[in-house]
Amino acid sequence: MYTEKVIEEFTNPQNVGELADADGVGEAGSPTCGDTMKIYLKVEGDRIADARFRTFGCAAAIASSSVATRMILGMTLAEAWSLSNAEVLDALGGLPEPKVHCSLLAPDAIRVAINDYRVRRGLEPWERKSCSGGGDCGSCPKKG
Amino acid sequence: MNDLEERTLYMDHAATTFMKPEVLAAMAPYFSEHFGNPSSLYRFAGEPRNGVEAARGQVAAAIGAGPEEIFFTAGGTEADNWAIKGVALANRKHGDHIVTSAIEHHAVLHTCEWLERQGFSVTYLPVDEFGRVDPGDVEEAITDRTILVSAMTANNEIGTIQPVAEIGRVAHDHGVLFHTDAVQAIGAVPIDVDAMNIDLLSLSGHKFYGPKGTGALYIRRGTRVETLIHGGGQERRRRAGTENVPGIVGLGRAIELATADIAGHNRRIASMRDRLVRGILDAIPDSRLNGHPTERLANNANFSFRYVEGESILLLLNARGICASTGSACSSGSLEPSHVLLAIGLPHEEAHGSLRLTLGDANTEDDVDYVLEVLPEVIGRLREISPLTPPSPRVPEAE
Amino acid sequence: MNDLEERTLYMDHAATTFMKPEVLAAMAPYFSEHFGNPSSLYRFAGEPRNGVEAARGQVAAAIGAGPEEIFFTAGGTEADNWAIKGVALANRKHGDHIVTSAIEHHAVLHTCEWLERQGFSVTYLPVDEFGRVDPGDVEEAITDRTILVSAMTANNEIGTIQPVAEIGRVAHDHGVLFHTDAVQAIGAVPIDVDAMNIDLLSLSGHKFYGPKGTGALYIRRGTRVETLIHGGGQERRRRAGTENVPGIVGLGRAIELATADIAGHNRRIASMRDRLVRGILDAIPDSRLNGHPTERLANNANFSFRYVEGESILLLLNARGICASTGSACSSGSLEPSHVLLAIGLPHEEAHGSLRLTLGDANTEDDVDYVLEVLPEVIGRLREISPLTPPSPRVPEAE
Amino acid sequence: MYTEKVIEEFTNPQNVGELADADGVGEAGSPTCGDTMKIYLKVEGDRIADARFRTFGCAAAIASSSVATRMILGMTLAEAWSLSNAEVLDALGGLPEPKVHCSLLAPDAIRVAINDYRVRRGLEPWERKSCSGGGDCGSCPKKG
């Protein structure tokens, strides 16, 4: 049911772990899905210099955590902020329908970590559209 | 650990079994040679008819019933649907209440839910921490509107064996019919429908090395059960549809093989299973065995591993060639733990980290060794990844 | 005539067919090698899953449907039950009336009768002397309470092919769902569910050289149909029960073979059938062909022979190695002629003297010769015994 | 479903035909079963010297006609009168349950023929218990 890419990413996840000197830390757990993800960011200038994660959840959750942390490396914070679930799904070659929501975890946790970084720096947190997983926030792939 | 090995180690016999060569051999002549419709009048239909009736005798003998009390179905699910809807619809004027347990298979639970939508009421009894139904609870649940008690012989996830004879006696004491889903029990629990007070019993061929898409319902002589599948006059007018002759013949042969030496079979399988259980609980911290310590199917081992999720375990085992099962599933956007694991009181997190290993006739001590080698690594690896893992048990001793 | 010959000449392909070697070959790997449960997560379940999905594609292609509109069942009977009960129960709030014909298979008729007992009302339309339903009658029977029209594609006894597309159009013109029992039609009548206005279609593997105990229901996307067999989430949650993987794979291969060249197949079979019909009507006085002269299944020949009874014909044919079928049956103490033969207006006596010969892929011109040799003798002999036979036609010319 | 004996008797029925000079003729058709049987008796002294039949019906009807006509040969009329359905069934080695009624035909027709003979001779016809096939006349085998 999973694509080769998902299985590969899940079996050999990248960036597992913590960053002791993280500049921002974020945690997300989709309320509609028991999964939990914690992400650690190192920021240099306006760019993400390093990222680590820990995830409790199914293969889709772990694979999307892994792929998302790799995708944001080198991005500006603004770019990372706008990483969409659809992009994560694309990078994984898609997920089976009931698994799509599991991949919301990563973009969610990234935004929490970015705001943690901004707050630590005394900046206003960016405004997050809260994502219910309902597919109407623009992050979810179109239904149909 | 990316070495996708060629090896396939199958430890998911509760999901389905391979078909034994003896079973295929018994079926073989009925595909293209003795292919006649058993209901036909001509001599040529004699072979298929005899094949079907011999199988009926084999099924009857395996559970202490008469051949005229055995009705072939397309599987355990159909048998469960038929038993429960059939009794309910045929006895509506006597009552509208059914007693069952919270840990039944979905074939029973969803059938009961359907009946609730038709105006019946259903009591879903709780089970204890080991998954046992208390016959006293059954007694308390029975009202003068109760027409059926349905309790499975053995649970498919955690392997717990129910006190079926006692539950049946309670039902009979109150003049209530008793159905048991014995799909997981055939070949593992000796069955005698009379001694165990069973009025209806469901079984399924592919759980004991027989063909998929075959099953049977035992209906005690004289029991009022409405037909589920209407049409031709097959199965003494109670279950319509041209008989699946090769399948029925295979089912008969398979149940004969499976029940020839239940005790010996259980001894062999349980000894491997017990070594597996001990090995895993010893090697992996924060792990537990789900189900009953002794009253359980000889082939069943069901574990919970804290801090990790079941599907992840399965897929890493899969990468090492091991086929197993879990009570954790993503369904329509939520991680849903098994109703059985919740019913025995596991918190969601532990219910999610469950793994079922069910042994079968082809498993060997080598298989046990291999699982004992691989599983601690897999759990250790996932605990590395999990944010829930406390510092110490992240890496089991093995690694 | 007591020479019980070794020869078996099978001309009862409407009852069931032998399974083709190609079909068994397709199934073979799924019994004991690729035996996994298709719902399992591991790689090992990939083969069975792919096998099932490939078969779904084969069935879909054969009837012009999408694979997601095909649901596997345990046979034609289950498919008929599911279609009719499923539509009725799911659409009860829109209406409670069903239109069908008097000559449907019992899988449809007895299902309708069950629904009548649940409070639905059913119109059983008459047919003409050839067994055809008039689409105009369908139109007249439809009321604003009608939720389903069910009319078979081709009749199993007399072979008459219905004007399915027209009946479907009438149903759709009135916003009513249309189900057709195509069990006898697969491989004989080209089917396109869109062009023929079909919303639900039943089929059965063993009628076209596939495995017994397999079938499918086509459900047009978006059609409200309640589940018949409740339980696990198989068949996209609409039909529970562990998939009969080898059976499904065999069904897929069989329908592919059966629909590869329907026209060519029909030409070959019909030419033998036509010679058989002419030969019999010529040789045996007071005989008639039942069913439609042209709009009939290529393999079907159904006769009535006055003064004699069908079972007697069958058993004398049997003694000569010929397997055939009749619309006459002793059931619970009375000689009951087929509802189909009565519906086309045959008097009881002629309905009793009916014989159905249905040809198949293994029949040859030799077989036709042999039947033409034996049947007049058999009828002559029984007419000798019968008190109803008038002096002259007792012995057909042949003897 | 039929015994060897039934098939043998049906395939090679004895006494098929008519007797032009019959002393008694009887016809029976069970109202619950579409079968029809006509029997011709030749009587010598008080005994049945010859018997012939014609039957329209299933194999069970034809086989029981054949066996019954053979059984009554040489019997006194009183003996033939009391020939029971159970005896016919016995001689056939039994019949499948739904076929049992088809064998009522023969004893029935025999009794009609005997009374025909008696009436032709100016004798009172014997009183027939009419058989509904319900099994309560003693001719039917016991249920259960």
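Should a chain be cited, it is by its letter among A, B, C and D, assigned in written order, with residues numbered from 1 in that chain.
Simple rule for what comes next: a residue touches a chain if its C-beta (ideal position, glycine included) is under 8 Å from a C-beta of that chain, and two chains touch if they have at least 3 such contacts.
Quantities reported herein were computed from a predicted structural model and do not represent experimental measurements.
Chemist: Which touching groups survive when subunit C is ignored?
Modeler: Excluding subunit C but keeping the rest fixed, the chains that touch end up grouped as A, B | D.
Chemist: Mind checking the centre-to-centre distance between subunit C and subunit D? Centres are C-alpha means, answer in whole Å.
Modeler: Using C-alpha averages as centres, the distance is 40 Å.
Chemist: Suppose each chain is reduced to the average of its Cα coordinates; what separation in Å results between subunit A and subunit C?
Modeler: 57
Chemist: Taking the mean of the CA coordinates per chain, how far is subunit A from subunit D in Å?
Modeler: Taking the average C-alpha coordinate of subunit A and of subunit D, the gap between them is 91 Å.
Chemist: When you check subunit A against every other chain, which residues touch at least two of them?
Modeler: Nothing qualifies.
Chemist: Mark out which residues of subunit C touch at least two other chains, giving numbers and ranges.
Modeler: Residues 41, 311, 315, 331 of subunit C touch two or more partner chains.
Chemist: Testing understanding: with touching defined as stated, what is the shape of the graph linking the protein chains, line, ring, star, complete or other?
Modeler: If you draw each chain as a dot and join those that touch, you get an open line.
Chemist: State which pairs of chains touch, listing all of them.
Modeler: The set of touching chain pairs is A-B, B-C, C-D.
Chemist: Contact residues on subunit C for subunit D in the complex?
Modeler: Going by the criterion above, the answer is residues 1-2, 307-309, 311-312, 315-316, 319, 328, 330-335, 337, 348-349, 352, 384-388.
Chemist: How about subunit D: which of its residues touch subunit C in the complex?
Modeler: By the definition above, subunit D touches subunit C via 2, 7, 10-13, 16, 27, 32-38, 54-62, 98-102, 133.
Chemist: Residues of subunit C touching subunit B in their complex?
Modeler: Residues 8, 10, 12, 15-21, 24, 31-33, 35-37, 39-45, 73-78, 80-81, 105-108, 110-111, 113-114, 204, 206, 211-214, 227-233, 240-247, 311, 314-315, 317-318, 322-326, 331.
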